[in-house]
Structure formats: structure tokens, C-alpha cells
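In what follows, subunit A forms one complex with subunit B and a second complex with subunit C.
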Partner chain A sequence: MRTVDEAVIDFHRYPPIGPDDWRYGLATARVRCLEAALLSRATLLDMANAASFAAAAELLSGTEYALSGAVDRFGPVEELLLQRRREVRELFISLMLDDPLVELLRARHDFANMRLAIRRIVTDRPVGSGYSDFGSVSPEEFEEAIQQENYNAFPLYLQEAIEEAVLAYYENRDIRAIDYAIDRYEARYRIRTAHEVGSVFLLSFFRVRIDLTNIRTLLRLKAADRMERGLFLPGGFVEVERFIHGLDLGYEGLAPLFYATPYYETVEGGVAYFTAEKSFLRLERLCEEYLFGFLRTTRSITAGPQPIIAYLMFKETEIRMVRMILTAKMNGMDARLILDRLGE
Partner chain B sequence: MLENISATRMEQLRLRRRVELAGRGHRLLSQKRDEISRQLVKIAGELRPLRERVEAELLETTRRFMMARATMEPEDMAAAIDVPTKQFALTVQFASIMSVRVPQLTKDIAGEIMCYGFSTTSGELDVALRALERAFDSLIELAAKEKQAMLLATELQSTRRRVNVLEHVVIPNIQETIRYITDKMSEDERDNTSRLMKIADIIRG
Partner chain C sequence: MAQIALGIAFLGAALAAFMAGIGSAVGIGIAGRSATGVLSEKPERYGQLFLQVVLPGTQGFYGFVIAFFAMGRIRAFGDGLDLVNALAIFSACLPIAFAGMLSAIHQGKTCAAGILMTAKRPEMAVKAGVLYAAMVEVYAVLGFLISLLILLQIQVPTTA
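Right after this comes the complex of A and B.
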């Protein structure tokens, strides 16, 4: 009998999303209403093709991203986007009935904050600002704990992650080792938590994300002529050995390597675009499209945490897309570049 | 004409030596001016395509960096680039072009420019940073050449001024003074001759 985490692909296009959970009936209904207010693909494409920043912003006038008055710098736009992001996260927390799922969201921010705090602390820089305010631990607490080497006040996942990250850094005094260690621990933690809460959806979601991260890592390592084989995250549907083998292949050999996986089209399109344009825009877009394809399968769920998690992901991505288009428009960048990232 | 000049043969000889020296200086400075002009034209010819290349590279870097920043969460971006691992040192040495000390820049780069993990960062950030890394070489070359051009242009301006001063002020002034002394001495000579002739007539009479 195989374990759940074995790198076996036993699905055709998208992994399973689990059953309904009727406790989430009201929350799911609310999210379904909110989904109708998400920006349509046509709106995003119109924004991308708009003649100017003002014209692109005008298209948002009837939405929650409406900008008041003429905006000639990006500060107010960023502020608005951060406000919308804060709102959607607060909504997620209010809709979630299971604390471990909220903890998963907070953990994401804790890991991001920890990454920044440890990097600053071990290089003797001030802890400073730029942290997410959704984490469960403040940057000052990180500083104090690392200086005293006492992490007992933190949740267990943070204690273990800090120890691994600090240890990894002091092995070679390589700042990147902190990120690699946190990435590895975070992936492990997510899979473990998904098991603990018994969520098939979360397990599938995190494993797909690990696979997509590994695909991007593979191409990025190859583009940088780096042959480090220990940077792939374990726990995905695709075995790590396949990615390691990919490092030894040429670009033309990468797509066939994933022929038997659901990521074939993602890799093929991403690699073709990269070899032609030396850009990861399409690979990132295709990875996102695959992930969203998976998240869209939650539409078959009548009630459950799956649609709420999917909505959070959709909304956060929508905010990023609005930011990308408005940034590009404000700086007079080519619409083709935006469309390459956004998709035609 | 020079002022406070005593019209003596000694002074005339001194001025002749001076005008000869000024002429030699003028010739040398003219040659220096021509050579600096030649060097400047050569550097200026290289500067335009180099500047265009650097501007294109930096524009591309900025464009990709903006795309990366726009598609990443602000906290992830802050964590990714907050503590750089790349160390950059610039050594300045000076070379001499026609006695002008022009800088020659040598870069010393250590470490990896990609100073972050892969999970929370965009591939476009890699591309932007690598493009920036490549742009450094051209940027340093451009900085050195622009500084050289600036120093040479300043030197050319002062050399041209010196040549003009020698050509149009110093040498004509000295030559005029020499002419004045020659005239004055001839006048004295004639005056003396006529005085002697007058004395001789008185003695004979």
C-alpha cells in the first residue's frame, strides 16, 4: 500500500478536491456572490490594451478598485491594492470555521516575515519595516528570540523553521540558504497540516503548488547555469528525481520529460517562450493557469472550505494583476508584454 | 606692445629669445590641441552607441524589474532583495592622454546576484538582475569614457585658449615690441650720427 505523499499521479488533469462540508453552507454562498464581482478577463484585457494609465484606471471606475481623482504617482494605487488585500484576508479569516486553516494563512505570512527578519538579523541590520501584518509573530519578537536563541514562545512550526533557517545560514554563511531552508520547511509544514486536518483539497493544492514551484525552479536554475540539485521541494505529485534529471537535459528535452504528467503543456509553452524571449512571463502565466484550473474545479463543491480558499487565491491574484497592469501602464510599457503575462 | 620696456639691445635680444620660445610653445600646444581633438572625436564616436546600448539595457532591466515587482507580493519582494549577496568594488586607476590624467575603472564583483529562494519570487526578477549584472560592464565603460571625454574637452578648451593667446596676443605683442626697440635704436643711431656730423662741421668751420 502506498502512502498519500508518494510521487504518483493518479489523476488525469487535476487532483481530487475532496467532499462537501455542510458547515460551510453560508460561507460558500457568500463567496459565490463575491465571485461574481471579480474582474472579468475581458476587463483585464481591455485594461492591458488601454491607451494610457488614465484609460486603464477608468475601466476600474465601477469596481472596488476605483481611484478617486487624477492619480499621477503609484503610491495611492498601491495603498488601495493593499487595502483590498487586507479586506479579502480578513474576510477569509471571518468565513473560516476551522482554526487550523486560518493558521495556515497566518503561517504563510509568518514564514514571509521570518524570512525577512532572519536575513536582516544575521547580517546585523535593523529589523526595520516591510513586514506583513497578518502574521502571528511580530518582527521584534523574532529579533529577541534569535538573539537569545529561545524560540519557545512561538508556534511549533516557527520554532522548527527558525532553527533550520539559522543553522542553514551558519553552515556556509550563505544568505540564500535561509530562503531554501524556509521554503523546504514551509512545503513540509503545509503537507503535514493538510494531513492533520484531513483535507484532500489542501493536500492536492499544496502538492500542485510544490510541483509548479519545482518546474519554475528547474527552468530558473537552467537559465542561471546553476546545477544545485538540492533546491527542489519534496512532497509534490512529480518525483524530485525527475526535476534533478531535467537539469542535465537541454531545453528541448524538458517538455518530453513531463509528457506523462499534467504539466506537459505548462512546461512546453513556458520553455518555448523562454528560449525565444528569454523571459519567464509565459511560464509563470501557464503555472498560474494550471493552478487556477485546479481551483476552478471547486465550483462543483456546494459547501465547503474549498471555494473559500479558491476565492482568496483568485482575489489575491486579481490584485496582483491589477497592480501589474497599472504599473505597466504608468511606465508606458508595451501592451504585448502585459498580454504575455496575462494571456490573450 | 609690452609696457615699461627699455629700448636696449639686451632687451631686444631677450625678447627675440622669448618670441622664439613662444613660437615653439605655440607649435607644441597646437600639436597637443590637434591630438586632443583627435582623441576626443574618437571617444565621442564610441560614446554614442555605447550610451544607446547602456540606456537600452537599463530600460530592459527596469522594465523586467517592474514586471517582477508588480507580480510579487510586496513583502516577498522586500525579503528577496533586502539583503544583497553581491559585492561590488570599483578600482580607479589613472592613465595619461596628452598629459591629461584620465580615469580607468576596473570592477571587482564577487558573489551571486540572485540572493533569494525560488518559492516566493518571480523568474522575471532573475532576468532583471542578470540583465543589470550584464549592464554593469557597459555602464562602467560608459562612465570611464564619459569622464575621459569631459576631462579631454576641458583640457582642449584651455589648450585652445593658450594657443590663441600665444598666437594673437603674446607673439604679436613681443614682435611689436621688438620692432619698436629696433626702430628706437635706429632712431638713436641716426640721431647720434647726425649729432656727430654736426660736431664735425663745427670743428671744421
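Right after this comes the complex of A and C.
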């Protein structure tokens, strides 16, 4: 009998998302209503094609991103977007009935805070501020613990991640080793927690994310002409050996390597664009599209945590897209570049 | 023996009422939770959602009606109810008991899905939301009819 973590693709397009959980009837219904208020793709494309920042911002009037009065600097926009992001995260926490799922959200912020703090510490910079306040440890406690090098206040997973990241850094005094170590630990932690809570959806979600991260890593390593074989994360649906083999192939051999996987179109499109434009924009978009395609399969769930997690992801991405487009417009960036990122 | 026969017959009537009733309660509970979630964001949809919430309640009524009929038959037999007729009354109650309970729960789930669709596409509330749930109802109606027909087939002794 095989274990669930073996690199076996036993699905056609998207992995399974698990059954309904009828405790979530009310929460799912609320989320379905809120989904209807998400910005349409047409609105985002119109914003990208708008003649100016003001014209792009005007398209948001009538939505929850409406800006009051004429805005000629980014400060108020950023403030509004941060407020919306805070609201959606608070909504997620209020709708989730299972604490381990909320803890997973908090862990995401803990790991991001930790990454920032360790980078600052090992490069002898002040611990400073700017930490997320959605982690399981408040920013104030976090700063204090880091300054005093007292990590006992942190959850166990964070203590272990710190240890691995610091050890990895001091092996070669390479700042990138911190990110690699934290990525590796975080992926392992997520898979372990998904098993513990018995969530088929989360397990599929995290394994897809590992695969997509590995695809990005593969193309970036090839672009930088680096052959570091130990950077691929284990635990995805695609075996690590396939990515390592990809390092030895030319760009034209990458798409066929993934022919028997659901990521064929993602790799093919991303590599073609990269070889023509020397840019990862399309790969990023295609990875995101695959992930969202998977999240959209949660529409078949009438009640369960799956649609709520998917909504959080959609909403956070929407906020990120609005920020990206408005920033690009304020800096006079070419619409074509924005469209390449958004997708035509 | 007459007491045992009476007990079996009453057990049938009770099963028809409480199993179909349990199904309806669970079904309405499922649909009701979804409807409450939608109404918390869009209270103006109350009218559209009402029918989908109450639909799983019909099975409870079917069970009640069959239980009522069964008790009528038991009374018609009086002290002369034998084991064969008691088993016939018991059997007559089973179709609505099981079909009612299971169909009500599944109808509740179908209604919940319809309610979520109504939240996004209100114009589909009747076309898909109610109609699909009504298709589940068909099998509860069939169970009800069979229970009723069996009860009507049982020959009650006529008083001279």
C-alpha cells in the first residue's frame, strides 16, 4: 500500500479536494455571496489598459476599493488595500471552525516574519519593525524575543525553523540559504499539519504549491546557469528526481519532461515566453492560473472549509493585483507588461 | 399474541412518523444554515430562499399522514388484530419511513446547493434551485404512495 505522500499523479487535471463538511453550511454561504463581489477579470484588464493612474483608480469606484477624492500619491491607496487585506483575514478567522486551519494561516505569517528577522540579524542590521500582525506571536513580542534571542516564546515549529535556517546560513554564510531552509521547513510543516487535520484539500493544495515552486526554481536555476540539485522541495505530486533531471536538459526538453503531468501547459508556456523575452512573467501567471484552477474546483463543495480557504486566496490575490496595476500605472509602466502579468 | 401484534403495528406507525420527521428536521437544518449565511450578506433574497428551506419539510408531513392512516387501520381492527395484519401495517409504514428520511436529508443538501447558486445567480432560483430539489421529492412521494396503497389493501373486518 502506498502512502499519500508518494509522488504519484492519480488524477487527470486537478487533485482531489475532499468531501463536504456540513458544519460549514453558513460560512460557505456567506463566502459564496462575497465571491460575487470579487472584481471581474474584465475590470482588471480595463485598469491595465487605462490611460493613467487616475483613470485606473476611477474604474474602482463602486467597488470596495473606491478612493475618496483625487489621489495623486500611493499612500492612501496602500492604506486602503492593507485595510481590505486585514478585513479578509479577520473574516477568514471568524468563519473557520477548526483551529488548526487558523493556525496554518498564522504560521504563514510567522514564517514570513521569521525570514525577515533572521535576514536582518545575520546581516547585522537592526531587528526593526514591519512584521505582520497576523502571526501567532504579536509583532511586539516577536521583536523583543528576537532581540533577546529568547525563542522559547515561539511555537515549536518556529523554533525548529529558526534553528534550521541559522544553521543553513552559517554553513556557507549565504543569505539565500535562509530562504531555502525556511521554505523547506515550511513545506514540511504544512504537509504534516494537513495530515494531522486529515484535510484532503489542504494536502492537495500544499502539494500543488510545492510542485509549482519546484517548477519556478527549475527555470530560475537554469536561467542563472546554476546546478544546485538540493533546492527542490520534496512532498509534491511530481518526484524531485524529475526536476533534478530537468537541470541537465536544454530549454526545449523541459516541456516534454512534464508531458505526463498536469503541469505540461504551465511549463511549456512559461519556458517559451522565457526563451523569447528573458522574463518569468508568463511562468508566474501560468503557475497562478493552475493554482486558481485548482481552487475553483471548490465550487462543487456546498459546505466545507475548502471554499473559505479558496476565497481567502482569491481575495488576497485580487488585492495584490489591484496594488500591482495601480503601482504600475502611477509609475507610467507599459500596459503590455501589466497584461503579460495579468494574462490577456 | 394480540398484544405483540398491536405492538408491531404501532411500531410501524411510529417509524413512519419519526424517521420521516428526523429526515425533515435534518434537511431543513442543512438548508436553513446555508440560507442564513446568504441572508447575512443579502437579506433581500429572503423570498427566493424560503421555498428551498421549507421543501425538505414535506417528508415529515407524509410520515405523519401515513402514521395517522396506520393508526386508523389499527383502530378498525380493534381487538381482532392478528400477527399477519400487524406485519402488513408495519410493512406499509416502511416505504415512507426510509424514503422519507433519506430523501429529506439529501433534499436538504440539494436545497443548500441551490441556495448558494441563488446567492450568485438569483434568476436560477426556481429553474435549478427548486426544480432539482423537487426531483428528490418525487421519491418521497413514491414512498408515500406505496405506503398508502399497502394500507388501503389491508382488508379491515366489517362490523355487522
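Here is the rule we use: the second predicted complex is superposed on the first by the 330 of 344 C-alpha atoms of A that agree within 3 Å, B and C clash if a C-alpha of one lies under 4 Å from a C-alpha of the other, contacts with A are read in each partner's own complex, and residues count from 1 in each chain.
The rule is short, and it goes like this: contacts are C-beta pairs under 8 Å (C-beta built on N, C-alpha and C of every residue); 3 or more make two chains touch, one makes a residue touch a chain.
As the structure is a prediction and not an experimental result, all values here were calculated from the model.
K.L.:
Overlaying on subunit A: subunit B and subunit C, fit or clash?
P.N.:
Superposition check on subunit A shows subunit B and subunit C fit without a clash.
K.L.:
Examine A:T266 and indicate which partner it touches, taking first as subunit B and second as subunit C; both and neither are also allowed.
P.N.:
Touch partners of A:T266: none, neither subunit B nor subunit C.
K.L.:
Mind working out whether A:G25 is in touch with subunit B, subunit C, both or neither, as first, second, both or neither?
P.N.:
A:G25 contacts subunit C only, not subunit B.
K.L.:
Under the superposition described above, what is the C-alpha centre angle at subunit A formed with subunit B and subunit C, rounded in steps of 10 degrees?
P.N.:
One gets 160 degrees for this angle.
K.L.:
Go through the superposed model and pick first if A:H109 touches only subunit B, second if only subunit C, both, or neither.
P.N.:
first
K.L.:
In this superposed model, does subunit C or subunit B come into contact with more residues of subunit A?
P.N.:
Of subunit B and subunit C, the partner in contact with more residues of subunit A is B.
K.L.:
Examine A:Q306 and indicate which partner it touches, taking first as subunit B and second as subunit C; both and neither are also allowed.
P.N.:
A:Q306 sits against neither subunit B nor subunit C.
K.L.:
Which partner does A:L337 contact after superposing on A: first (subunit B), second (subunit C), both, neither?
P.N.:
A:L337: touches subunit B, not subunit C.
K.L.:
Of the two partner chains, subunit B (first) and subunit C (second), which one does A:M324 touch, if any: first, second, both, or neither?
P.N.:
first
K.L.:
What is the contact status of A:R220 with respect to subunit B (first) and subunit C (second): first, second, both, or neither?
P.N.:
The first partner, subunit B, only.
K.L.:
For the superposed arrangement, tell me the lowest C-alpha distance between subunit B and subunit C in Å.
P.N.:
Taking the overlay as described at the top, subunit B lies 29 Å from subunit C at its nearest C-alpha.
K.L.:
Of all the subunit A residues, which ones make contact with subunit B and with subunit C?
P.N.:
No residue sits in both footprints.
K.L.:
Once bound in the complex, which stretches of subunit B touch subunit A?
P.N.:
The contact residues of subunit B facing subunit A are 62-64, 66-67, 69-76, 78-79, 82-83, 85, 112, 114-120, 122-124, 126-127, 130.
K.L.:
Where on subunit A is subunit C touching in the complex?
P.N.:
Against subunit C, subunit A makes touches at 20, 22, 25-30, 32-36, 302-303.
K.L.:
In the complex of these two chains, what residues of subunit C are touching subunit A?
P.N.:
Answer in residue numbers: 30, 33-38, 40-42, 109, 112-113, 115-116, 119-120.
K.L.:
Across the complex, what residues on subunit A touch subunit B?
P.N.:
78, 82, 109, 112-113, 115-116, 119-120, 123, 125, 130-132, 174-176, 178-180, 182-183, 186-187, 213, 216-217, 219-220, 223-224, 231, 233, 278-281, 283-284, 320, 323-324, 327-328, 331, 333, 337, 341
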